[in-house]
């Protein structure tokens, strides 16, 4: 079996999810190329050493430049904070490595475009981590639309609702600092919705948006892990420099109307990544908190039994499902990453670009920035203005 | 328009529901016979007088014998406590009146059979108040089964769960006294499930059951209304003489298996009257707390979109719905009684027996008593033993 | 008991709902003033005569001017097409009659303001028919917010989704003609959402919107009833002159962000009138298709049992519920109208303005028109510009 | 870190689930003993060799006797067909190996008792694979009950509904043959419900049951995997010798009533492993198809906001959850096995018996057989009769 040697930068929330994907891949998808977990990289020596041992990496380093140029590495996986994506990606491309980069691709559209250009120039495979595309239920939506079973699309309605910072005393973690995270709910959550909308409905032409930072000052952080964190011992505070919530309206090329909302101030919603699509022949509803399910409605069902069907996307008819458990035995969040890596391995094996790739990262960034400009200038902004 | 003059015995929870049905009928079903609310009867003079005024009855009386023999009455509606059903029904039959009796028909199978015989001998119309049959969603189940769209039936699974007496300090209302109510959860709630099972799946052949009275002594009641009540001022207590919960298993003539459970000790369930039916071609699920909805599954749906559909039974394709509001605009509990009276009026007009009638009351009582005997003798009891 | 003599203009969908409310009121709310159904008015002689008989009105007329000035009428109920509201309301006010007008108050903000001024000048009671406020579950939201149990409000997210015209062959009924209906989904559906948002969260300060007419030409209608209709025999077509869908974003005075969407092109949604509100201490979710239910979340629930509660608003603790059935026995769409009339009768009895009244109609119209202007001028519009 | 060397017998559905648990354990639970995947065993040389490579076992064999006595093996994991459990377990015990055995422990109560006695005599750790106990939501139920937050338990209501053999043409796989599987829906599915009931509510004292085989003859199988299979090329058929559905009623020591139903003939239910528990202070509802959720109701919630809460058991307050992803990011079926192995490793490390162990297997078998006897003798059977 052919192998792909992986070097990874990042070892926290996303680093764990990616590591697990590499670790589990060949057990469930034995027919694909086998990723080999060669080396993991992070800034904190103790942290990365511990992660390497725990996640199963052969080695570790604190020097990403060394990693990006090692001869025995085929693929660089970048999942550290958003502000380091660009420089690592450029170095990896220059070294001829394939690249798998977490979203957002970069802190700005300009940077994203530069990364895409570099990867294209280097002729390497490039992938971006929009993992929600890889839910079997989302794949089913794509299939239904491609086969015309929803007809002409009228509406995309996306909501990504969380509540992890609704408490004003939640500390000022890096995700709330513009210089590191680039953006708040908008770049973190709307980015996923935008990608799903593009994947399923197509490109947007214009947008108008609104955003708000409800809590403008927070305690400096003590410790943090995943999306959890605790305030530090003293009472120092700092300014929140990203948005707590961003909403926008959009028009799609095909004539559909879009509504997008991302917020971290929706108590009760731990991670509601939900969308609905209405077409002339049917509708679908998805909520990642019930990721194994898709609600599907068809206008041509018999008149007395019309209604949204709760489809459990765990049947052999559903993407990826035969690799897992019998119908009705559900999968979880981490599986989307395994499916991502399936796509990445298949793309490398077949010498094609994976989907989604840096072009999708750029196009997502275009919409994000059009919304930002719309908010700043209080007007509709066309995507092609950028 | 032809009219049917109604005399009604009972003026509390069921009296209100029946009164409203007569009152509203001709507004929504103008094509049927028009019931005229001639007289209402109850034991408490002040109570019945007030009810007559509030509900819109032309007159009132405390003497049901006088009511049952009045020349200007065509139909006697009996919805007082269960222990008075029989004598009134017999008198009404003797006087040649049509009879609409609330369930349970009587306190015993023997009494129920006597009532049926009397009504048949008198040649009058007789109806029993199994109102849940008249939910549009339940009608849809019947239609699907009759048209073979669920195939051969394998399972009926019924649960009627309430919580109004789960508090041990809830007082000893008449529904908890065997000499008046005849039975507890079994006669009150399983009776409805049994009727639905018979209506939808067919007759049962044998049963085995279990029952329990969790709280055996309660405060004597002060005041009561509907299913609400308060304890009296003093600390007097009395014994609960009916079952708090009764469960049983059953076999149906057609080979299906049945599971029935009635309890008043299920906190969180105000009135979950729910059933599921599984057949070779599909399944349905119903819960009266969402009475406008039916969950429907078909085995022959396309392989990638199989799932229970949430059908909102408010479309023109659904029984009774065109008399009401546009699709999606729901109806409530009281509408089942209006639909009952539609059936009653149509039966009188067309000189046929309404469905369900006293025969259904008798057959329901047979199952109830077979379960009782099964509990007493700790064995399976065949329905035809009775 | 004191009485209020009612004269009503309109006899179709809303006429039926209002008639039923008057008819049932005193049975369930015997303590309020008793409305007397004196006369009903409509343009079509046969239609109004039939409606009078069916709904239970004492008399009928085709001349609303005569009705509006009759000495024996205390209250004029206006529920005909939107284009006739104004002239009838002005005449009624001039004649010193109380007025109950369906929404939208008028076809324009200017007209709405004129109606309010006339009613105020005449010193009569004026009410507008935003019936969804009168769902017990919506009343519960109001109570939770007033008591501070949701904390500071961050988000209002409203969606009114229907599908009755999603079929391009659905005919060109009056609701699709601007000169009669004034507006499409926006005026019909967003009006309800706006009213709910104002009732629960407060006034909006600025809006930006988007709208679309997906199907621009439709068959001329043959017959229509409620929201159902059939095309005429010939193939004639006419232009749709209202919006099929309108979405907008808004800011509230208190700092909350609003998202509104109204569409008639959402297959599978017969009438999803839904909203969610997020506050610093909790959230609520409501969907009129399950109108008896409210989803409620509190941030201060114990850490291991946090989650949205499905509250069935049929308990004694819930508004209006004690007038109806025992807990768990649900009510339907029509009950919102009965509760509206309770408010109207109580306001007349206590010599105060009912809520919502024409001022609410004007304020709703302000938002509707600000959105229209925003769409036309492709920019944010402040409400106080109007 | 200390290690536990594992030898496993079985390599199909359960073998895959167990392998994955060993493989992933130390990544998510690094503090526990580390299982080392030494050798896997199966009857089919090609199959087991492929499984060894795919799942990550160091070696493979077709001789379980050799495996059970190898010096370098600490733990024998038995998950082949039920008819081989006993002999392997006895050999492993004799060799002083710890044993992890899938349910059912054996084909008969007598065998199960013999296995328990052997394991106890040998002083080894013994565990049985009732994996559903290890869902965080189920752990939460246990916690609520132990802390008295549900009060005195009145009802346990369990349903395990599947539909994988509802099609009469589904072939005669080993799970439908009594000599291999021992039992059908009863031993396969009710076993899980019984274990959950025992874990949560306590021991049962008596039962009465009913069972049925709806389809008595099926095509001989061609190929099978997991719960999927295809018929062979020819038309040969054979008899189904196990139950398609088994239902029973039960009484618990503490006074609660139990209702159990297992069926493979419930179209639309891929794998509904669901139960509800009602107590004097609250209720819970669980459905494994939504395994991350628990519905929880408390009687002492404020009167106006009582309702079942949908708790997403992915918060730090929930068992095992901190090892996984941020709140709202769900886990799946396979995680229950990882949690099982956590318990097994912790028990070995701390020199205590894991829970559940062979005693739980025996007690589950007692109930299963009491039900069987009840069905055969058509009467209530006390557990202590066995």
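Order of writing sets the chain letters: A, B, C and D. Residues in each chain are counted from 1.
Simple rule for what comes next: contacts are C-beta pairs under 8 Å (C-beta built on N, C-alpha and C of every residue); 3 or more make two chains touch, one makes a residue touch a chain.
Everything numeric here is computed off the predicted structure, so don't read it as measured data.
Asks: Taking each chain's centre as the mean of its CA atoms, which one is most distant from subunit A?
Replies: Result for the farthest chain: B.
Asks: When A-D is set beside C-D, which has more C-beta pairs in contact?
Replies: When C-D is set beside A-D, the one with more contacts is A-D.
Asks: Need the CA-centroid distance for the pair subunit A / subunit C, whole Å please.
Replies: Spacing between the chain centres: roughly 41 Å.
Asks: Between subunit C and subunit D, what's the gap in Å when you average each chain's C-alpha atoms?
Replies: The mean C-alpha positions of subunit C and subunit D differ by 54 Å.
Asks: In angstrom, rounded to a whole number, how far apart do the mean CA points of subunit A and subunit D lie?
Replies: That gives a centre separation of 35 Å.
Asks: Got the subunit C residues that touch at least 2 other chains?
Replies: Touching at least two other chains: 269, 306-308, 312, 315-316.
Asks: In the complex of these two chains, what residues of subunit C are touching subunit B?
Replies: For subunit C paired with subunit B, touching residues are 13, 17, 19-20, 23-24, 26-27, 30, 53-56, 162, 164, 226-228, 269-272, 288-292, 312, 314-316, 324-335.
Asks: Which subunit D residues qualify as touching subunit B in the complex?
Replies: 154-155, 157, 159, 161, 166-168, 208-210, 212, 214, 245, 247-249, 251, 255, 257, 259, 261, 263, 265-269, 276, 278-283, 297, 299, 306-308, 378-380
Asks: Name, in rising order, each residue of subunit C that touches subunit D in their complex.
Replies: Per the touch definition, subunit C meets subunit D at residues 140, 143-144, 296, 298, 301, 303-312, 315-318.
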